[in-house]
Structure formats: structure tokens, C-alpha cells
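Letters A, B, C and D mark the chains as written, and numbering starts fresh at 1 in each.
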């Protein structure tokens, strides 16, 4: 369902294997900074708990850059009075760390430290929050991130420069690369392309409403990338058969998503639909969507980035009638941060997902009230929702109608600077399949990583 | 009690702060390889446990490069039938990982993979071991270590080249740097100095009996480094007062350790005693030990490496009467690996520590029998003992007499290639003090790490 | 909210304190039988698990006759390979034990053993259930219950004989006394009064649809007992003020519950509304409801059982126009056991609670399908619902309209012979208040229990 | 290894099955009182912990009258901030409850309440103890014990009256029946026989040094009961063969225990050795020990209580030369309660077990110092030791020499009024065997308990 993180074909980034392994150690640095804070929390509890933290309300977990199901729910601090305070906790995957989100949204070292300091690690029995700053952890966390804050410059097989920097979980965080990298790119290149993953209603919405706002920049043009296969799936074709030609299913899928472009207009954006060409796609399948796009008042193009690299993309770009121009850069946010939490969530759910209303569980409601009471009501909302449906139910494909979105709880990322309404089951720590991919890797005697495809 | 890991004064290694933070990521790579194996163990238990591992006898824990007391004893796999198998486990510090020991003892990639494959992660109910190879984890672990196996070359402030590579816990593992680094140094330099930390009876014994044997090399000369302050402490001076001059206490300490040189003879080694000069040492304190060394038939020199760098060391080297020569390199091991576990432990305890005998708890005895039965009886013994006393009781300073060494349990490091008799309380995961050092760090706006001394 | 279990005033049962403490040990016997089965489950897991039970799917918990919050969620089997298999479990209060329900529904020793044997303790990985019979626990459990199956005969302060036997939790079980006791009473007395607690839509529904069906008996007349205070509360008066006279609130409450009698007609029952007189009630408050009852076509009487004992009740009985006669005994069940689980739940929710529909969580739906697949679809439904509202939301007083009932999960009590659809938060283990009632008890030097009221 | 608790043969007590099942509910009452205190401890922690108890230093566990291995080590209080405070704890078997010991040693209701109030449930971070009285639990605990404090009178098959009252674990507590029962018996009978189980050096020592002291009574004569089979085992015969005649092994066993009678003299007691006759014993085996006893200056008799009841015992009694007379009642305690803990333990170990010295683990030493500091140094010592050897090593049979006794920890039973030095591995919660005895029980249709022997 998800590809690798280093592109592919003629646009693959180099050194691919290193990017996918430790790369420059950014994830390790994020893990270390995150876990240092966790160790300081438990150490504080152990040494008398001067801040009066309620050990049952510590919300700061630990992270590891590993799919490790058995660490999701754990009990720590066991072994008696020299070994810490027993409490329930767990590990998330590093990409789900708030430190990762902080790193991505920080605009320089001062801002990094400010955001780290605001991180809420838990609550006292009276409900007041305790922060990383209260624990004196900010300086050391920043020191551990001193290299990680610098963007990593790589290139594609063709030599196109690319920044690879930051990896926040796109379903529970804002999902885009660092503001630092985008700003560095804007300083050196005529055209900067950035990715907002996990579909328009998740990735793009968060890019506009959170990332652009904190970064102080705006896009000149929005490109919506789609694959013929995905359109067929949303048109009702079973997943196993999406590689087979089926113009009708594809057209159904496209029409069902026909309202999506109108969503772009909500942000005041020009929009191009780029068909991400795959070897299995037929010519007819490529022509149809372009025609349908025209009918919907959109520009539709075929992008052959995978097979032809920048030439393929360039050709797609040229075919665009009215190119986005820097002087036209700008966008209209979907909601006002100063609105109530309830309204902000309702706006996104209605305008982006097409929901008729938002429901709250008892816990969701309690969280909302507590966050507003504690002064976090003016933060933007970074809704955690499945990427497999426009609704919060992964089984509803196409363009579902007449559905409610249910907010189960609302988490706080005070450091990153947003709150996270949770809809549906969101996993912060994946598990491995029965035969893990790891069992297919090897290292040759010459030190080269080998991978044997199934 | 322990200094930093990057030397000091004129011999400080550069870039000091980077060496002490993430450096080249070797520790992160070791953590990742270690934790990948752990995740694969629990994943195997979760997906039907085809290998029949007894979940209560999984010995492979997880590691993190953090002093995190609350992770010593934990319960994992909680949350119901989709979340793994509940079991007791814990985290060690990365330096205590067997993968670290494997990395240090591996002589090339093939040997690395062989050792990784031999790692025992747990046992079946019938007592037979299950290895990393059985789980198909070797290739991926090796891939994660592909950069970490390469020695890291740094230099001192004076430009003296130095390899910094590997960091196995010296009290529970063999405590010396990688065989790869030593061999690389031997290929390029006339004289290679390597360190075997945590006192002669721990560091040197393991260096000779384990490291040299696996590496196939031998030293031409052994230098025993001592500080005036340590001698005073072993001579009965309270720790708080060791900076004050006290020739008598120092002499007492020296004489009590007077048998140590004889221990060198047990390995067939020439030996020099180097007094590691500190600013607080007085001239008289420096002269005395040299004289006493002479009386004991040893060469005693003052090494001013800290204040004068290579010049200080060179002067000390020159004063040595009969320099070690490569053609004279060689040593006599203390015991024969083919001897019984009982005899091997008894030999080290008697000859190195001066114990009158070795006692076993019920568990220690059971472990010994099981290891011999399972075919691990011919491995060398890497005894885990406190570094604060020649005995296994940290309170016995000086040269204790008439003491027993008690073996509480014997752990297996089949991948590293040794067994670990545990004497006394050995912590594999340190805790933070009430005010952690971390709270003294900061990152300047220019990206420099700042440290405020107390 | 709940009174003691031994009546009060002129109808208090003797020996009151003994009934409320250990009485004849029935609860202890139930606890012992329940916990023996639990010990045998874990012992079976420990000794090789020949039945192949999935340790994460053991549903049989332990019980204790104590409000002990800290035992709700626990982890057992810790301590290594000689100490059992680690797993998540917990304690319920003894009244919530399925063994208690079995004891109450068993019609003789053979039936007791049959029901005990059917108890499902957990599931294999393939989803098949494992029973108490599979574990060979039935005989010993029955032996432990050998005295507990015999009804306990006590008397009121006036000498009226009364059986006190069995105490199943009325919100998660069927809530009425043992079939054995009812049958013994029917054999000796002209008129037998039995109680079906926790309001008509819970207690009476379960009495008719489960208890009468298993017992093979039926009531000649149904008496609905109400207090003036409860009517006022349902009429909108705050709980703290219900002791103050307020005829209007009472009338509102009565009218809102005006449909309830029609519910009786659903079971084909004659019905009398008995106003349970309290000292704080005013005469006017007593007259009104009788008048309103008449208007609704019901007989309303004032029962002064508390202050006058059997005389008070007798007077109420006399005033009844058409007394229930044994020859008219009988009732129409609300649903057919052979109907689908979905329909049975929907019928009760619609007809008894007044819900417009039944919603299922993902888990509730999965449970329903699995129970039907496993052959438990023909069991009656013993819905667990709050007793504080006709709906599943404790905050909705009076006669709520337009509400859904949400089934969160469905538990199986195969031994008792019903399934338990859980709606809302149902606690099987209460907690103690900040100042527990226990702190008010004492034992005099003469061995008498003393209780000091706050 | 251990028989039932209701005697056997002609001396079996009636109703045997009821005595072995719930009897009069004393064990249930002890469990309830014990667990009420536990619930109040955790409730106190949950509701703000006004007493400042360190949750990691709560020593009060819970009890259940069941062999339930999986409850030995558990974690309680899980589930979040409404569910108590997470902490490590466990269950002991009811016989190991300090409340049981309190019940046995209490001399009336006032004393019962005083002792209950003194029970230490845990410690504050400053090391000061917190008691049941501090928690306000004493009155309710006493109320729950109001019937249990009354001795239970039963009779043997012959009609001999017998009190069955109290059942403290003989290896970790004092092991004799209640002082209340003994005093009741002394008030009504000419001769009272009481049992001090688990061998002379455990049962008798504690009876003299603890029970008699608290009860204010003393025996007129001490009878040491031995079986021919046990003598053969201590004489070196394997357990499987002790039913076969072997006069030599028996004689060896007897002579090795020859010093035991001298131990009686240490208490100033007359002593008779009674050979507890078994059907498999041969005549020659019975004659020999009597002769050897004579040689050792003791009276040896054969007691046929099993086969002949009181007649068998009477015959043995008659053969005694100088019967114990009430006017000669009295004894010399082994140690003075006012002596130091160290001396008291050393005296018992030396005089009773024959140890050369007492060793302490680090924890044992720490416990000793803390108990003395906290004012518990004047309590008698109730040493927990295996009953399978005179030493603390179950494998040393016969009369071991030259052994140390190692004190691993010292527990406090401030309510019972003694401290418990733990030597060796003492289990407070047994486990079930692979095929539990429970699987052999059944209940007939007539309500009779059936037991099928293997």
C-alpha cells in the first residue's frame, strides 16, 4: 500500500539504500532526544517527584525506529523501590514522535528550543500540564538534534537535487517535510516541489492549514497526483485486479472524486491533475481521465516521472496552460485558528471529508473541554484519520455520503503546535508481518546490502 | 568515577562533542540491529511460534543508548491478542548489547555474520537454544551494521591519529575496542597503543584471554597506568580527600598492589608502571612510586600525556630500559579454553583476584551444568565483577585476602563467543542521578553545544 | 442509591448482621468454586497447555467478595518459568461470578453440574471454546458448592419466613434469587413473593424471559414497587431535594413512566403499583399517584411494609381488586429464544427501553457473529444496562425518547445459559469511596458488631 | 509428604469432609479480613495517599485459600487513573496470612484488636511503618472475625472431643492452633494434647518460645512422634523404598537424631518418643527404636492411635514411667526476647539446628538493622526454614554437620508479634501439580462428596 521513501525509476534518489537505512542519523537523533525526555520524566518520578506529576497521567511515551508490536503496551518501572515507579506506558515508532513534528515545524534553533520546551509530558492530579521545560530537558534535547536540524541534500539518478528531511507520520501528524528544508530549497531553486502525502484531504489540508501557516510560505500551484490503479479501486474494482485495464471503473472512480478539485478552490489554488503513469496502464486509460478533467474544468496531464525522470515531468509541466507564478502564490486557509475546537474540526470534516456532522465519544468531549480550559484551544487541528477512505471508516471507498466522523479522543502536541483529534483506530506503532521483510536482507562480503524479492 | 570517552587535555580527541554524542552512529546501528532481532523474536512468538520458544525463557532483551532505570524491568506484549505475547523483559544500555561485543570481536563481515547467527535469543521448553540464525535475522542485522563495522579515525588536538571504534561494557563484556580497528592500526602504524579498561584483573585479563586469542595478535609490552589518587584510595584515604597529598597512603596502596606486576608475569609480559600525572599530584608523590617500582623489579615512569600530549608520553617511553619489540610480541594465556568451566573460573579468581575459592549459588551451578550440556563449555570466561575491588565485594579496597568469589549465574554470549559468570550485583542499565547531567547542556543559536559545569 | 440486602424496619430479616457478613458462607463457596476453576486454567497453561488454550483469550477471571478497585486489571503469572504464564486478567466481585448465576439458575445437583461443565473459560487460537468440563473441574466445583445449593431460611422481625439465597449482580446477570429457593417456597407457602431488582425493564424482563423459563414457573400477579422519592427524581427534582414534598415533580415522574404498565401487558400480567411509603412522604404525595394510576387503568396502593410489616403489606394486598390466582398464573415471553441474537436484543431495547434502534460497535458486531457461529445463538439475552436510566446513558432521566442503544460487546455465560450484551460502562468490580464504610465498624468486647453512622 | 488435616483411622475427626472443605468458614473469614485491609491500602493510595505510603514498599499482599501459582507475583492497579495505583504485589495462601497468626495468638477480642491494629502494611519513604490502625481497618477486620475467634469443637470417630481452630503455615509462622482453643480445652479436660507440627526444631521451638509465652501456659510432658519410615529415610533409605523393612537404616536414622532428645532438655522438658505405627512396619522395626531410646535415656513407646484410637494411645501413655503432672508443668525458654535479633537467631540455629554459625545476605543484614531501628528488636524470632532437613538446605538429610544457616531477609509480623527470618526458599503460595487433586472430586446426586483415589 505504501512505497519506499526514496522515489523510484528514473527519479530514484541516491544513495537509496543509505536513505532507507540510517541515512544521516536524523531518526536516531529524534529517538535519542525523545527518549532522553522520557528517561528524565521517570527519573523525576523516582527521585521524589518534586513537580507532583500524576504517574498515571504521564502521556509521554518512548520511541524506537522499529516495527515492534510487543512494545505498544508495556509496564515499566518494575523491580522494587530502586527501579523507578511502576506505570503503564509504551513505545511509538519514531516517525510518530512529537519531537519529529517539532523538528519539521521548527524555524531555526531558537524556535526548535521554544517548541521542545512547550512539549507536555503529563499532568498533575489537579490537571495542570508539566512540560519538557519544567524538567530542564530542553538544552540537552536540542544538543542531540544539532545535526538533525540541518537539511540533507541528495540527488536523483539524473542529478536533480532533492532535500530529504524529516519524516512525521502522515496519519497522526502533519506529514510534510521540514520547514527548514523547504526554505533552503526556496533560497536556491526557481521551482520547489514539495509533497503532502496521504491524499488531499489529509496531506494537503494539513500542509495549507498548519505547515504553510507556521512556515510563512504558500504554493503557486497545486498538483494532484493520481494513479490509474487507485482510480479503478475507488471505482469499485477489487484491489487484486487493479492492474487489469478497466476504463469504466477508472471513470467511475474519477467522477466520484470529481468534487475534490472543488476542494482545491476552497484554498484558492490553481490545480493540475497529474496521472502518475505505470507500466501496466493502457493508452486509453490515460486519455480518458484527461478528457474527464477537462470536462470538470481542470487541466489533466500524464506524468512519466518514473520512466523518464525530469523529462517526463517537464513534458507534463509544459502542457499546463496557466503555470503557477510566484507572484500569484498564496492561499486561503480553510479555518481560522481562533475559532473553537469544535468548529475547526467540523469545518475540516464537512469541507474536506464530506461528513454531515461530527460526533464525539464521552472521552472525546472531555478532552475537548480540558484542552480549551488549559489554554490550547487556539491551536490548529491535525486530524488523525485513515488514509484509505475519505471517511473515518477504512471500508468506505469512492465518495461516501451521509456519514458521521467520530472523535474518540483529542491528543495534545503542544510542542509541535497542534492538537490531534483521533478518529478511528490509529496505530502509532506498526507490527511486523509473519515473514518480515528483514528476513530478505543480507550483507555481501564486500559490504553491499542485498535484497531478495519474494 | 569514570571520565568521558574522548580523552582529555593535550590528548583530547577531536571532534570531542561529536564523539560523545552520536559520532558516526555506530551505537545507533548496534541498537537497531539488536532491537530488530528482539522485534523478530516477539513477532515470531506472536505469529504462531513455529520454533516452539518458551516465552518465559527468552533471554534476548532490548537496548537503548540512555541511562533509563525505568526500563530495567518491564512487561511487554500487553493489550490483548493482537498485541504480542505478554512476557517479562527489559532494556539494557547499548554498550551492554551482545551485538556490541560481536561487533568488537568480529574479524570481517563473514565472521560478523557467523557470530550474529550464533546469538542465542532464548530456549525451548526442552532446553534447546534458539538462535538469530533460526529466526532469519542475520542478513538484516549485518546490513544495519554495514557502516558500523568500519573503524572511525579521529585525531587528538595534536594531530595524533586514533581509532575510536566499539564500546562494550567493561564489567560485563570484554571491554576493549574492535579487532577490526586494532588490525587497521597495526597495518599503518609502527606502534599501536590499545586500552584494556577497568583495571588489570578485568580489562587486561580479558584482553589477553579473549581479545588477543580471537584477534590473533599479541602485545610487545604491557603498560599499567595508575593515578596517585587511586593509589591513595587503595591505601585507605577517603575518596573525598584523595586530592590532598599523602605519600604514606599512596605507598601503602602501591605496596598492596605490589603483587599485580607478578600477575603480568603470568601472561609472560614485560611491564611498565605509568603514573598518570594529575595537576594536584606533588613531586614527592611522583618520585616515591617510581622508587618503589624499582624495588619491586619494575620500571616506573611518570606519564604527562594529559598536560603535554605525545611529548609527555614520549618522554615516559624513552625512559623505558628494554622496549617491547615486535619480534618479542607474544603472551601466555592464563587458562586453556578446553578446560572445564569450573576450572577456568577458578583459575581467574585465584590467579587474578587472589580469591581462595569460588562458590556457586544454586542457580550458578545449574547454569554451569546446562551450558556444558548444551555444548558451550569450551568458550572462554568473561567474568562480570565490580571494578571497585579486586574481590567481588565493592567495599573491600586495597588487596583483600581470604575471600570467596560467588558465581550467582552464568550468562551466555554465544555470538560474541564467551560465557559471562556473574559475581555480585552487575547493572546492565544505569540510572540517572537526581539532577541529571543532561540538565546542564544547551545548544547555542549558532548550533554549538554548551555545557555548564556545576 | 442501594440499600442493604436484608430489608428494613418491621420487615428486617434476622440475623441481619450475619446475613450481611458471611451468612452461611454461600458467597465464599461461590468464590472458592470460581477461583478453583481459575487456578486450574492457569495450572493447565503452566503444565504444557495440552488443550491448546490461547493464553490471551482466557476469559475466566477470578473473584473476591470485596470492593477492590486495584484488582480490576492485573497481570498474573509473573516471576519466571516456574510461576505460570504471564497474562492480563482481573478480579470481579463475587456477585458478578458466572458461578453465582449458575447456582441461581440450577435446578438440582445434576443441572448444577451440567451448567458448571458448560462454562467457557477461554478459546483456542482457532476460536473453539474450552470449558470447565474439558479441564476436569466440575466435580470439585460442585463439591465446594454442596452446602451453598441449599436455600437459607431466615425470618423477619415479625416471624415471616424468608429464603435468602443467591446474589447475582442485577446489572450484568439476571438479578433474581435461586430457582431452588423459589421452588422450596412454592412447596410450603400459599403465596410466594419474589423480587426482581433493578427496575422493571431490567429485573422483571430478565425474570420473565430467563428465570421463569429455566425454572418452569410463572407469577400470578406482578407488583411494581415505586417510591415517592424516585418518582420526584424522574420528574426532574435534584437528588438532594427528593425528600422535600413536591407533588408536581412526582406527578411528572409518574406520567413519564406511565407507559411502563403497558410493558406489563406485554408479558400478559396483571399489575399493581405499590407506593413504598417513606417517613418523609406526605399524605398528598401518597394520594396523587393512586389517583393517577387509576386514570391509567391500574390499581395503585400504598404499602407500609417498612413501618408496619406484614400488616402494612396485607392492607395493600386487600385493596387489590382482582387478586392474582394460581390458576391464572402464566405469562407471555417477550421474545422467542430461537430468534436471532440481533432480533432478541432489538426486541428488548425497543419494547422495554423505548429505544428507536440498536447500534453495534465493531467489537459488538464481531462478538455477535462469533457467538452465533460457535452455536450460542439460541441462548436468551441478559442485557447489561445501567439501572439509572431507561436508556443506556445514566444521565437520561424520566422517559427518554429517540435514543439508540449501543452494544459494545457481548459476553458469554454458557454455564448460566445466557449471553450478556454490554451497553454502556458496566463495572464488575466496584471501588471503595475515600472513607470506606468499613472504617465505621467495630467489634465490642462481647463480640457484637457495632456500626457508627456518619 | 503431608497428610490431611483431620487425622485418620480410628482417630479421624468428624465431619472429616466438612473440616477439609469450608468447615465453619474460619479461613474465609481470615481471607476476608486480610483482603479488606489490602483493599483499604490500595484505596488509600488511590484517594490521595494522605498517609504518604511509598507504593513500592507496601508489604501487605492479598490471600486466597487456593493453591494458585499464577497469583504469586502480579501487578495490580492497572487501567488508568480511575483504577488505583499500579504496583507489584501478589497473593499468599490464607494459611500464610498474618491475620491467621494473629487469630491464633490472640487472647480474647481486645487482644485480637490490639494485634490487628499493630499489623504493618508498608512503609513511608522515610522508612516509618504504616499500620492497620492508621488506616482505620481494625474494627471491620475484627467484625469479620467475630465467629472465627470461637474455637470449633468436633470429635473423633470414637467420640473423643477435639478443637480444630486456626491453621497458620508451620514453616513461615508459628504453626500451632489458637491460644483460645488451648485455653478452652484446659478449662474442660484433664489432659490436653496439642500439636506443634513440622518437626521438633521448628514446631516445638516455636511452640515453646512464642506460643507458650503469649498464651501463658506450659506443657507437663513433651511427646516426640516419629514414624519408622521417616527414621529409615533419615538413615539413608530412598523415599520410594521406605515402606520396605530395613532395621539398619532405621537405627542409623534414630542414632543420627539421637541428639534431639537432648534438645528437649534445653527446654527443661520430660520427653517420650512415640513411634507412630504404620501397617507396613514390622515388629522388629518397632522393638529396636524402643531399645535404642532406652539406651539414650529416653522412654520409647509404640502408639497405635491410627488403628486403635484412644486405646492405642492409652496403652502408650501407661507405659510411660514418670507421667507429666500439672504441678510439674513449666519450661525454660531457649532465648530471652530482650536479646538482640542476631543473638536470638544464632541461639536457635546453634542449639536447635546444630549450625556452626549464621550468615546474612546483604538484604538480611539490612532488614535486621531496620527492624531494630524501627523498634521491633524485642520480638521473638519465628524462623522460616525447610522442614525437610535440620539445616536450611532440603537436600541435607540425617544429622548434618558443619553447616551455616543463611538469613536472606527478615519479614515483620508486628501484629502476630514476631519477626520471620527467612532461610532458604520459602513458598507462601503453593502451586498445583500437573493433575490436581481437584480433578478426583465429585458430588453425588444426593449431595455427597466423592473422591476417587488414583
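In this section, a contact is a pair of C-beta atoms (placed from the backbone, for glycine too) under 8 Å apart; a residue touches a chain by one contact, two chains touch by 3 or more.
What you see is a predicted model, and the numbers here were worked out from it, not measured in a lab.
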| item | value |
| --- | --- |
| Listed pair (B-C, A-B or A-D) duplicating the C-D contact set, over half by residue number | A-B |
| Distance between chain centroids, defined by C-alpha means - subunit B, subunit C (Å) | 65 |
| Cα-centroid distance, subunit A relative to subunit B, in whole angstrom | 42 |
| Euclidean distance of C-alpha centroids - subunit A vs subunit C, Å | 50 |
| Sequence positions of subunit C contacting 2 or more other chains | 48, 75, 78-79, 85 |
| Interchain pairs in contact, sorted by label | A-B, A-D, B-C, C-D |
| Contact set on subunit B toward subunit C in their complex | 48, 54-57, 75, 78-81, 85-88, 125 |
| Partner subunit C, residues of subunit D touching it in the complex | 21-22, 25, 28-29, 31-32, 35-36, 38-40, 42-43, 45-48, 62, 64-79, 83-85, 108-110, 113, 136-140, 142-147, 149, 431-432, 434, 436, 438-445, 447-450 |
